[in-house]
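Note that subunit A is present in both complexes that follow, paired respectively with subunit B and with subunit C.
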Partner chain A sequence: MLAFFLRSLEAAMIFTFAGVGELVDQRGGVLNVGVEGIMLFGATLGFIVTKTTGSYTLGFVVGVLVGALLGLLHAFFSVTLRVDQVVSGMGIWIFGFGITTYIGSAYTGPLGLERLPTIGGLSPFFFVAVALVGVVWFVLDKTSWGLAVRSVGEAPDVADVSGISVTRIRYACTIFGGALAGFAGALYALYYNPVWNYNFLMGWGFIALALVFFSMWNPILLLGGAILFGTLWQLSLNPELLLPGLFSRYIWRTVPFIVTILVLVLISTDWFRSRWGGARPQALGEPYVKE
Partner chain B sequence: MTLTGYRIRVVRRATLPAWEAALFSLLALVVGLFLFGFVFIFADASPQQAYREIFRYAFFNPNGLRLSLSRFIFLTLCTYAFIVPLRAGEWNIGMTGQLYIGALTGYGVVYLFGGKTSPNVPLSPWVVLPLMIGASMLGGALWGGIAGWLKGRWDVNEIVVTMMLNFIAFWIVSHTIKDGGIFMNPGGRGEGFTLPTSLRAPLIGGVPFTILLVLGLAFGIDLLFRRTSLGYQIRAVGLGPKAARYAGVNVPRISLVVFLLGGAIAGLAAYHYFAAVPGVYKIARDYNTIGDLAFFGIICGLIAQGNALATLPVALLFGGLSIGGRFAQGKLHLGFGVDYALMGVLMIILVAFQFFYRYRLIVDRA
Partner chain C sequence: MFGRRTPANDLADEFWANVQPGEVLLRAQGITKRFPGGVVANDHIDFEIRAQEVHALLGENGAGKTTLMSILFGLLQPDEGEIYLRGHPVRFSSPQDAIRYGIGMVHQHRKLVPAHTVLENILLGHPKARGVLNVREAAEEVAAIAEMYGFNLDLYARVWQLTEGEKQAVEIVKALYRGAHILIMDEPTSALTPVETDRLLEAIERMTANNLGVVPFITHKMPIIFRISDRVTILRRGRVVATLPTRDTNERELAQLLVGREVLFDIQKPPATPGDVVVEVEHVTARNDKGGLALNDVSFSLRAGQVLGVAGVAGNGQHELAEVLAGLRPVEHGRIRFLGRDITTASVLERWQLGIGYTPAERTEVGSIGDFTLVENVTLNYFWDERYVQNGLLNEKKLRALTESIIETYQVVTPSPDVKAKTLSGGNLQKVIMGRVLSRQPKLVIANLPAQGLDIGATEFVQRRLLDARAAGAAVILISEDLDEILMLSDIIAPMYEGRIVQLIPAEQADKETIGAMIAGGRTRANA
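Entry: the complex of A and B
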């Protein structure tokens, strides 16, 4: 049971990294629906580099770099070229899915390295994820940087007039979000599930995206949501812990996805929106065009 | 921006003439295929030789051509499943899930007629085939309809919902065809049961008859958007749900309708691939690799810019590239998934080209 709980927290840690990155991105007004693609890239390239060089450090560095690069690409498309952000994000997802399927297939199989060390049975990165949530919350809510990011996400024209560079902030947020998604992917492939397989990320990027909507753009609530979904995911893998023999193991695997839909529906209801709906960044998804 | 005495300005387009739009799509394709050549170079193959092999097999080899046409039917249907909601400004990336559910409901009909017992059961295709097609379309429509209804009723993000529905459908198929599921092949190899020989779809020159349905749909969807009130309402929602509401369009109903239609078309794609393409005739164990190919529909739909007739040549090209790519993969010793890599490269180029659909570069003397 303890092992189950620790595994759940580790799943939560990956959702948290990807989700916090996306959250910062969206607070700055840029929606990136391509998290899954960035995570696939971070996971696959990190996996290949670590497998060929034997160095975990290099794998993580490559994961972060490729994530940052894809974030930069998304920023270039959506901020500079002002392409529809959904189109660009979808593009990054399909790009990630297509390319990683091709380059990763030669490395299908386990990583075959000694597992990374743990602290009290948990990956040290779990504590990093929790600290990151605290830091991001503090920076966004209490510092002038955070104010700049929020103002760009809420009212870019006002921010622009007051001397904040909308372009620079949006690039910074999107690259930061990409780097974290790439790191989350690398962590998935190098620690949580170190076996490369066709499309082995199984929609975690999309769940992370849903978590951001669910968190109402609050990093602390995001951490809570991540723990909930981490637990659900582990439960769907080990249903015998809760209700042995009720459904087949395949049906259990659908549960986290069904719950994601239910949660999205709940937060989309009028009842919910009228109470807590004000948190959505006003300029989310809209390119900023200087008048 | 100025460059050696010339001024370059970016100007937002008010309108985009059709021929210019087509030109940009074509240009995006050419650039994408050019850049994809590097994939061959990385694999120590010459791009010219690779493309020659791909096109020769896909369009000039009788076997390859039949496969390309079957793939063309599949991709066209996946594209239509994508573009009908797209015209209303909504993203159906759930073709995959609608495809899986459509395959299950279609095979459900065969199961009810006792088709699982043996591949030699004599069943009347005149009775069973229409029911299969209907059931596949209905299954796909209902699965798509979930996303459309949620979008219309509460404005739930349809991208996340359709993606989640894809994974749910994926596991439902596994549940059904593996570990003693009701559709499991009696041979017990973790795949669906084989379609009885009596129910194999009629072929026209080696190509499933579904090609006629596709051509009919092409004109049907084109007419829908150009001539009918429903098509007008869909386009109005796509241009702006708020304005559409003031114009008296029932926006939630349109959301539901486009996803029902898209899902039904994806269901037809499922019937085509899993029950009409020679050599398949079952829900195979690796059904997810074909399911994910449905995402090609997104690319075709964006290149064709939501135009049902323009989809046909694009889907034919991609069908050929995908079949020829698999062939070249073996011949030139490339890794698995050349067609997925092509999908990725084309998609990202296409996104970059979106810029030109919306903005114009003007170069003049400073």
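Entry: the complex of A and C
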């Protein structure tokens, strides 16, 4: 039972890294639906580098770098070229899925290295994730950088005439979000589930994306949501632990995704909007065109 | 620093030390701006602003006001000409440059983040707001400035909760906190209640007493020039026509300089000849987009040949009333009858076919489709009409002829009926929208802010067409935030406040002060 909860918290840790990155991205007004693709890239390249060199550090560095690079690519498409952000993000996902399957299949199998150390049965990165949530909350709410990010996400024209560079802020947020997604992917493949096989990420990037909406763009709520989803995921792997004999595990496995869909339906209702509508960055998904 | 383009220190403090009363603060000389296509928006404009002076800039839409304002604020760079600040030539390559030199801008369409607090909006982009925000210290400084100019601001309120006057106060305080010595104000009194206007004038007096220069840009609302300004410069077709001390001129002279011909200010309204009751609204209640109560037990009836003037400050239910009548918003309680028929739940199309016409306030969002041609936009009101559509096929020839006749009758300036609607100016677009509605000879016309943002010439034209419709026996519901317009055109006046009609007043018993007090509810948030 303890193992179950530790494992849930570690899943939550990965959702949190990817989700917090996406949250910052969205608070700055850029929607990146390609989190899954960036995580796949971070996971696969990190896995290959670590497997070949035997260095975990190098694997994580590559994961972060490739994530940042894909973030940069998304920023270039959505901020500079002003293409539809959903199209660009879906492109990154499809691209990531195809390419990582192609280059990763040769490395199918376990990582085959000694496991990374833990603190009290938890990855030290779990505590980093919790700290990161606190830091991101503080920066967004209490600093001039956070004010700049939030203003760019709410009303880029206002930020512009107030002396904030919309382009620079949006690039910074999108690259930050990409780097964290890449790191989350590497953490998944190097620690949480160090075995490469086809579609091994199983949609975790999309769960992280949904978590941002679920959290109403609040990092603290995002952490709570991540723990809830992490638990649901573990439950889907071991349903007999809590409810023995009820449904097959394959049905349970759909639960996190069904909850995701329900959350997305809920937040798009008038009822939700009239109560919580203020939480959504008003310029989310809209390219900024100077008048 | 991350995300900021300007150097850390403002030039303002040393640059603006020891300003003498009456000193020329800013002089623009020979400002010329040409746009691709050969349009000369500004043609050798000379203009100056002194300390302790309010120097108004008056011009119709298209006279080059916006271009000049953009140049003074660094959004555009002039092709020729120089700007001098206290005698030093300066160049603004961005608004940040202008702000650093002590130029403040109060936008007509407020540049504020609605979801953020007043204080966050004021701090955004301020050089003092670096790293971790020192909210308490900033709040004290901002509160001191607000108090100095007589503004009562709740620094922790969200901007979306504020009235237009309060939002404007936030912009003014933001500019002053940033160290502005010259304040440019775009249409400063539009959308303000009479009480808020008084407060603004008082704040401007305090600014000039503090050696600041104030430059209001004004399109219409000419009476305000005489209350606000010491000098006035009139622009026409990109040129300065005259610069006059305000006390030496009058409205008629200004209007003539502005338009280039004599303008008849008082539209003579022929006496009313009321016919049968056209529309009856009984105890109607409706909600706004956010789910709040927008219309609260509204009742009135209107006869053919009458104009009902719905007066009010934006956001008091007038907009929802127009939408409820046009069928764009559901009625929660109550009934609407049109020519004796219950149309409470009738569709938009049914209402059109029965003879209701609606000209929306949002000309570019609701009133027209920017990427459609004028013919297509006119078609949008006729696609169901058997005269223009046979067996589901549009009769393009007839629709084109109809559009051409609208263009001619309504004096729309356009190269052809095939240009896209978004290429027309606001006034011309409004003429197309009015034309397509009125040419159906509706029995009820709902005109939502018909003259908002139009220049004097177009305003006069639109107002005359509404009176023509009245003379032709239509009932007209005119929604306006301009009390002069309401008093001039209406037979019955309905001042609205917080979703209710305060009282239905026959026009001959109405005066501006009473109506003004009613639409302000006798109190406003700012002085509560």
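Note that the second predicted complex is superposed on the first by the 291 of 291 C-alpha atoms of A that agree within 3 Å, B and C clash if a C-alpha of one lies under 4 Å from a C-alpha of the other, contacts with A are read in each partner's own complex, and residues count from 1 in each chain.
What we mean here is this: a contact is a pair of C-beta atoms (placed from the backbone, for glycine too) under 8 Å apart; a residue touches a chain by one contact, two chains touch by 3 or more.
Since the structure is predicted, the reported quantities are computational estimates derived from the model, not experimental observations.
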- [ ] Judging by the criteria at the top, classify the pair subunit B and subunit C on subunit A as clash or fit.
- [x] fit
Open item on the list: In the overlaid three-chain picture, which partner chain does A:210 touch, first (subunit B) or second (subunit C), both, or neither?
Closed with: first
TODO: Tell me which partner A:92 touches in the superposition: subunit B (first), subunit C (second), both or neither.
DONE: first
Open item on the list: Is A:268 touching anything from subunit B or subunit C once the two structures are fitted on A? First, second, both or neither.
Closed with: first
TODO: Return first, second, both or neither, reflecting whether A:145 touches subunit B, subunit C, both chains, or no partner chain.
DONE: second
Task: Touch count on subunit A, higher of subunit B and subunit C - done: B
Open item on the list: By the touch definition at the top of the document, which applies to A:155: first (subunit B), second (subunit C), both, or neither?
Closed with: second
Open item on the list: Under the stated touch criterion, which partner chain does A:77 make contact with: subunit B (first), subunit C (second), both, or neither?
Closed with: first
Task: Closest Cα approach, subunit C to subunit B, once both complexes are overlaid on chain A (Å) - done: 7
Open item on the list: Can you give me the overlap between the subunit B contact set and the subunit C contact set on subunit A?
Closed with: 270
Task: Sites on subunit B touched by subunit A in the complex - done: 12, 39, 91, 93, 150, 154-157, 159-161, 163-168, 171-172, 174-175, 178-179, 181, 288-289, 292, 295, 298-299, 302, 335-338, 340-345, 347-348, 350-352, 354-355, 358-359
Task: Residues of subunit A defined as touching subunit B within the complex - done: 33, 36, 73, 77, 81-84, 86-88, 90-92, 94-99, 101-103, 105-106, 198-199, 202-203, 206, 209-210, 213, 248-251, 253-254, 257-258, 260-261, 264-265, 268-270, 289
TODO: Note which residues of subunit C are touching subunit A in the complex, please.
DONE: 2-6, 95-96, 99, 105, 107, 111-116, 120-121, 123-125, 129-133, 158, 160, 290-291
- [ ] Write out the stretch or stretches of subunit A touching subunit C in their complex.
- [x] 142-145, 147-148, 150-151, 154-155, 157-165, 168-169, 172, 270, 274, 277-278, 282
